[in-house]
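For reference, the structures are reproduced in the following blocks.
Shared between the two complexes below is chain A, which has chain B as its partner in the first and chain C in the second.
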Partner chain A sequence: MNKLTKIFCWLSGLVISLVLISILGDIILNSLESFNLTFLYQVPMSAGRRGGIYPIIISTLLITGISTLVTVPIGTLCAIYLSRHYPSTLVFKKFIKRMIQVLSGVPSIVFGLFGNAIFCTFFGLGFSILSGALTLSCMCLPLFITSVEEGVSSIPDEVIHTTHSLGFSLYTTFKSIVLPLAIPSILSGLVLSVGRALAETAALIFTSGYVDRFPESLLDSGRALSVHIYDLAMNVPGGDQNAYKSSMVLIGLILIINSVFNIIAKIISKEGQLYE
Partner chain B sequence: MYQYFLNRRDLYIKILLGASGFICSLCVILIFLFLLKESFLVITGQELSLFFQKSWFPLEGQFNLIPILIASVLLTFGSIFLALPLGLLTAILERFFLKGLFKIIFRRIIEIYTGIPSVIFGFWGLMKLVPFINDFHPPGQSLLSGILILSLMIFPIISLNIMASVEMSPKHFYRVSESLGISRATYIWKILLPSLKGQIFSSSLLAIGRALGETMAVLMVCGNIVQVPGHLFDPVRSLTANIALEMSYATGEHRSALFLSGLVLFLLTLFLYMLSSFAEVERNE
Partner chain C sequence: MNDKKVYPWKTELGSNPCCISDTIISINNLSLYYGKKCAFKDISIEVNKNCITGIIGPSGCGKSSFIQCINRLADHVDGVEVTGDIFFHGQNVYDSRVNLINLRKKIGLIFQVPTPLPLSIYENIALPLKEHGFDDISKRVERALVDVGLWVEVKDKLKDSAFKLSGGQKQRLCIARSIALEPEVLLLDEPCSSLDPISSEVIEKLLLNLKSRFTILIVTHNLAQARRVCDHLCAFWYDLNNQHGFLLECGTSHDLFENSSNEVLKDYVGGARG
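Right after this comes the complex of A and B.
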């Protein structure tokens, strides 16, 4: 029994490590064969078989950026509202918490349908970067809120008690105590939601569209990087090489954004120690 | 609760906070309402005949969701059947058999799995796994490849959850069982895992929800033929893949039927959420 457990554990560990090496190695090796930097600033030609991915990177960054711009303020406010330090009626708070838990379990394709029905059709935005970004921000909200709420709720009681004893108003407490202390958790929530937004495909197919031209305005359709990979792999025969390269760019983008935010978080938390 | 000194600025802040909380909860209600509104056409037009038609032939106005639903359920349960042992074993490996640097590296490996976009899983499956299965039993795009890819995508959820709850579980059981001379395997299987039943159940529900809602990977490796699969090597089409494939050209009743399948997905995830919150209530009592 002891040995059997050990053998099976090591076996499963070995299998998943090998599979990960296979996934990453396959993508890196195949894309390094013909990778050069011109791939990043050329327009795609013949449905993406040749040429680069410049407009696609721009649309991806636009979609992710706008969705983050919408997510961060609403999500931060909502998280502060939900945290245990904010005085409000418990029933309403509980209701919102439950709704956010439900929202975090909704499949991405359902978000895609919803975005298509409300932003593209009902609000008349059509297939556009804006409607794709708004759909994504609905999707990233629960992830962001849970992370920030945890951070705000972990602010020690003494800090809040001190603000009470000093007679701070709600606004001052909010602006100069809670918000600065919540910044590290906001950053970690940002990393999570940006990662999810970059990786998302299903919600974007019918909201931000397929067009691989350079987007002229926010109401223009733009193709995200993940949609591009899907399209090259499934619908374009002979697009494998570029699909590999785009996959590597996507993974690289996620890694870069992750590490940049981590570095910022480290710097900020170091500065935060000065005040303590 | 303390009474704050309120001036006009505070009132604005209060309203702002309440409003943003309201917007977040509004999202769920709006999703439900819009899915209902868009699928109204097919619900009222077809009545109960919806589930007794021949199959899914959208061009002939036949919208039988049953074969697609069965495929989705098979994919989900197949993948959880593989992912649950995989998640448990990897969590045990990380907690009990690895030390120092290897432990950190192994944990990073599992965390990287959660960060890989689903489209890349699908792409890898299409380029490597499908040809591999094709060697044994053509066509490679099949229920089996879907199950394998899905279980790779969902096992980290279970694994990371179990790791966290093992870490938080009381340590004195371990010390007592060590002092009684109970072997490590007996401790793991007879004492530790039974005490974590609730956590295992709720993380499996999370994983099931993820598998049910997964679109891109399933779409790319499953072959997308509407049928009730006879065996593991038959191509299938899941509920999510069906929406992604046909939404671009669907109009009228067809579009409405796709929204209905979205509504079914939404209600299924709602059901899973309710199940997990009931389990949590029971555990706390």
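Right after this comes the complex of A and C.
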């Protein structure tokens, strides 16, 4: 029985690794032969069959960046409110937590249609980078809040009791004590939500649109990398080669952003070790 | 209520010079419930100014909960209900108009486990000072650290994390942090129970020094310590039938240790039980 358990654990590990290796292998093998750096700073031509993806990278970074800028402050404040250290009525907290659980289970296509109805039409932002970014924020918030809330709630009771017994106001407690202690969990929430934002397609098709020009303002439509890949693979005959290359760039981008956040988290927690 | 039983030291003021001074806190019929469970019931005590009042008794009889009622820290536990009155300078601290931030500035509490904040040594004392609007922060930090005998040890590493200190140093830092706010009362919840004997001794000496400036209420499991530092003692016990803590006896520490007529207490302080 012991051996059987070992074999099954080992096999499931192998299956997972194989899936990842085959995806990465397929993409790398198919894109490497014709990949060169000009692909990164050329404008797409002939619906993306030729040329590069420069404007698309810029749109992607803009959409992700703005969505992060919106997500972090709202999400952090909400997470602090929901944490067990914040004094408030339990019923209302439970209600919000349930809402967030439901929200994190909503399919992204629904977020896309919702974003289209609210941001594009109701607020009149049209198909734009801003609409796309705000829609992505709505989608990433549950993920981000859950991660930060766990981090804040794991702050030991003694720390909070001490701030009470020293007569700290709620503001000082959270600004000077809780927030610095929550930074690692904010960063890990960021990695999760940026990863999700970069990978999102369905929600963006309906909100930030298809236009592959260089965006002139945030109210311009801009095509995100994932949308570009989808379009090249599904709607553009002969776009396969560039779809592979774009996929490689997207995966590379996610890896770079993740490792940057991880390095920051490590530096901060190294400083934080002083306080452990 | 039988006055003689509850406040026996009032009848023999002469034997203990510090007891001539005024009552600063008087607690009447205090009970505390966690939901339906009663932690302790009907406790009445008077605390005299510039005295060290010790609270002794076995675990689970509500000593820590009791001390946390005095600066209303118990409020922050879910489902806690407190009945009875605590008068601090004649004002009921359970009055809804009491400003909790000011109350906790006047009545500081030091926990069993040293709880430095995740800040530098300097900021640990400076942040509460800033929060309460003191000026001359750096002078006050220095004075507080001198008062607890920590200045010489840490003056070159004020910017270091407070977590780098040893257990005894951390506890003294916590005491410094509280006395920097110039409170009137210091509540200490078993401040030495996580420390080695040498660090405990340092803290005991410190408490005796601080007595002239503050009123001190200390929960302790260490009877020898209680005998060494406390002027008055309140012995709590656990009522097995009704499952709650209660006040067994109260008096000068000399009386409790030497002249108690209560059999349970005699066995407890004599080391025969507890």
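Some observations on this one:
Convention: the second predicted complex is superposed on the first by the 255 of 276 C-alpha atoms of A that agree within 3 Å, B and C clash if a C-alpha of one lies under 4 Å from a C-alpha of the other, contacts with A are read in each partner's own complex, and residues count from 1 in each chain.
The rule is simple: a contact is a pair of C-beta atoms (placed from the backbone, for glycine too) under 8 Å apart; a residue touches a chain by one contact, two chains touch by 3 or more.
Note that the coordinates shown come from a computational prediction; the quantities given were computed from them, not determined experimentally.
Of the two partner chains, chain C is the only one touched by A:Leu166; chain B is not. When both complexes are overlaid on chain A, the residue A:Ile96 reaches chain B alone and has no touch with chain C.
Contact comparison for chain A: of chain B and chain C, B touches the greater number of residues. Legend: residue contacts after superposition of the two complexes on their common chain; A:Pro87 is shown touching both chain B and chain C. Looking at the shared chain after the overlay, A:Leu181 reaches chain C, while chain B stays out of its contact range. Using the contact criterion defined above for the overlaid structures, shared-chain residue A:Glu158 touches chain C, although it does not reach chain B. Residue overlap on chain A between its contacts with chain B in one complex and with chain C in the other: 87, 164, 167, 169.
Residues of chain B that touch chain A in their complex: 1-2, 4-7, 9-10, 13-14, 16-25, 27-31, 34-35, 37-38, 85-86, 89-90, 92-94, 96-98, 106, 109-110, 112-113, 115-124, 126-128, 152, 155, 183-186, 188-189, 206, 209, 212-216, 219-220, 240, 243-244, 247-248, 258-259, 262, 265-266, 269-270, 272-273, 277. In the complex of the two chains, the chain C residues touching chain A come out as 71, 73, 76, 78, 100-105, 108-109, 111, 113, 115, 117-119, 127-128, 131-132, 160-164, 174, 177-178, 181. Put simply, chain A touches chain C in their complex at residues 87, 90, 158-169, 172, 176-177, 180-181, 272, 274-276. Of all residues in chain A, those touching chain B in their complex are 1-2, 4-6, 8-13, 15-17, 19-20, 22-23, 26-27, 73-75, 77-78, 80-82, 86-88, 92-93, 95-96, 98-103, 105-114, 116-118, 122, 138, 141-142, 145, 164, 167, 169-171, 173-174, 195, 198-202, 205-206, 226, 229-230, 233-234, 240, 243, 247, 250-251, 254, 258.
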